[in-house]
């Protein structure tokens, strides 16, 4: 497979659609992003890294960071993880409803409530959780320049009414141990991470390599299987089924317009286009990924 | 991979658990099944068919049949299928709730409401839909002895209050064209199909072979990708996430205790044990499948 | 209180609004009603009967009939009525959702599901339930000419998809004893009753008179209290709170545009205007009733 | 009517049941209340005040205070109150679900979310809202000794996780103007008010007297009608229908075991027994009130 030419073919077929979708505008830092940014980058196990378009411009990775905190936490939760379920949320509305019906146990670690619990577990394990997150992602991407965007984190914190509601509700159910504001602070910081597509596909390489990053086992194959399964069933909010149906790869999107996907044993493929569809996932990103898997026949299924 | 010895290893490790779970008892025909039935059968692309245990005893395939009717209908629905969504249901309760909130469009083709719509589409296409289903499954399994169990179909029809409720609700929304009783009749018959595990893994071979069955293309690779994706995200009711997380294979379960799974390009693997867990999926079947994928490392992820 | 002049005052103040709202059009018989029909009629304990406008034109009483069947059944259900709750439904959507969450027990006897159970109880008690209903309402109104509109009943039966769904769901839960079609037949007939406003306020007189009708105790004061309480809390679907807040009288509306209200110890007051508001209650009727209670100070509160 | 002897009759018939129900124990101050406290007090328009049992022991009025803050706010909200609905909540679960489905507008002013909005309106109107509440209740009860229990208020604030969740959610929807902690502080203080039954029935006298308290109009009859209607349809959480059905009086309960009821034009009747039923309303209080209205025939209906 000539990954480079396949990427280029998809990129060019997508150019007429650049700018489609609606850029997230709930905080000024995201609203100001150029809606015409578009890039793809692939990190192939047998074939190196290839990129087209805006693959070296930093983007706000937002919810994509939830995969990283999960990878930090999951190996240390013995047996099944009783504080978060592993089922798709399936709710067109916000997860507050399910959270209440189900006694404060979030549906999965990728909805906000679940990611807050993951952050809470991380806080209990790490003396300096924000630094630990930075260390982990810098190690994975082999790039010490990666950092939070502190202005984005502050804006998120100031407008996080709904996440505060989720956190207080879970605390009422006893499923949040640390102080609500402490959890939100760490959470909003890891969501504010800025990385380029090339840094992202490097950092997520361990999910295509059975847990290995730069020759070292970061997590076991057993954990990789679970993370990839969760990305497939829960990585795209209530559009996870649609993404599996059309693209057929485990993946995770962020409201900044980034998407990271994995074909275990083969590659990590990332896209960036800030315009979102009504379900909050990058419109052009999903289009490009569907095209790539349909053209190449490379998908899970 | 020596599939035969791997199957045997799983089978023996599972023997102490034979009989676990609760046999479905809402109709006498299912209630009377021996709870100690247990078998595994694999149809490997490069490695032939291997079986252990009760692989040649007919079982009531029930909801597993929904994959077959979907495969008959999906190639003929141009573009996206607007009468059924492709999202996990995510509802711990019955789908009636979501069906109402979402205007009579079922969440996916594997919940009962969705399968009723698929059956409705089939009825519109076929002059003799029940015979067409028999022809299709006999062709796939290369076995003309496969038949409905008419007593099971009649029992299901007599107790199908909730399916009638679903069907009338969808008819009220205009999402069912044929008469409710006609749809239920065809639906209850295809659910009553009796097949052995060996017949099942043969019949589902096309989902591991890019759509080919006995050297002939039954459906396109494009359709195979979609069916396998749907089995992964929606094949186990509200336990689909758990199944993906623990087993990591597309699959479909039936209330008769059968489970069919697929690793595209590799194999079809079926299990049968009538005892169900509280979510309605075969308890020992899930245990055996998790063991198989953990032992062999063979899963999607 | 000069009821006659108060009615006239309200009637005249309402004339500019005649025709507001949307006439029910789901069956041709209702769709064909003149949207400008408007009348009021009062049956006062100390003050006789007074009417203005279309008080002697038959209207389709529809859900108002649910009060009558409840009055036939309630005295014979010993102790609390375990097959129907007595709580407001509070659901902006249809009651199917609650019915499912709450195990097939309808929220109250005035939502469709609850009225179907009441009808089912009636069927178990009466050898000829439709005739028994006619006998009861003719006795109450002292008018043997009152009858079903059989064409309306047939149209309702033909389009009752959602009520069929409700009935089959309850049957699945064991909360419907008679055959679904039998229940729907009796239900659609009692909803098709045609009465004039003057017949209606006479028929409902027993709810203002502690259970007495034409000098004879029809139901006990104990039952009257319960029926009036139910009309106040549940008589207007999910607008019951609004009706209590603005009008302050127990009442029941029908999709034909009729409303019957009661001030116990004082009067029965009925209105008719076919135009409905988005919640399915007569728009001008609610306006007239609010005006009447605000002008006169006559309400429960 | 000899109110004194009727009260005594009910009191004696209830004595065998003293201690039934479960005392609220989510904060130590409530958990420590003697479960055998039991009292009744009536303030009759034509007949003075009568009491039996613990009518002069202070109780924590809790949610009963929501009627007082509503009475302070309602006259000043021109036209309909767009920030709170007036419908029963009808949800067996907490109102968080409905609050989310309905865009942050609480179902009614007596569920916690609605009372928080009422408090928010009060904060916008008053420079010292806590003092204004004290002034209002002291004036109504003609007793300057009434005060908050500051220890109770602090305990409530420390455990108010779910109310914080509600408040942050509403703030996210823009339906809370003041700072969340400010609103909670005022809210928890008014809930901590301590009053005896005799103080309570005096304070609520204006709802039986068309808005007059000690000869002065506190609110208009128009507002009284609305408050009483709201108490009838929404005063007992998801047991409002049951209370109207069995007791037939507008009323409001508190988790401290107090209940206040009103028969407009006749009396205010209060009960206190700390044991709650599973829906959170005083078990013996409801029993006593049903007995009183059944014995005397005095109810709305």
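As written, the chains take the letters A, B, C and D, and residue 1 is the first residue of each chain.
Quick note on the criterion: contacts are C-beta pairs under 8 Å (C-beta built on N, C-alpha and C of every residue); 3 or more make two chains touch, one makes a residue touch a chain.
Bear in mind the structure is a predicted one, so any value in this text is a computation, not a measurement.
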Third chains touching both chain B and chain A: none
Most distant chain from chain C, judged by the mean position of its C-alpha atoms: A
Length of the line joining the C-alpha centres of chain B and chain D, rounded to whole Å: 55
Chain C and chain D: spacing of chain centres that average the CA atoms, whole Å: 32
Centre-of-Cα separation between chain D and chain A, whole angstrom: 47
Shared-contact residues (touching 2 or more other chains) in chain D: 101
Interchain contacts (touch definition) - all pairs: A-B, A-D, B-C, C-D
Interfacial residue positions of chain A with respect to chain D in the complex: 93-94, 96-97, 100-101, 161-162, 164-169, 171-172, 180
List of chain C residues in touch with chain D within their complex: 85-92, 98, 101-102, 107-108, 221-222, 224-226, 228-230, 232-234, 238-242, 244-245, 248, 250, 264, 293-294, 297, 299-301
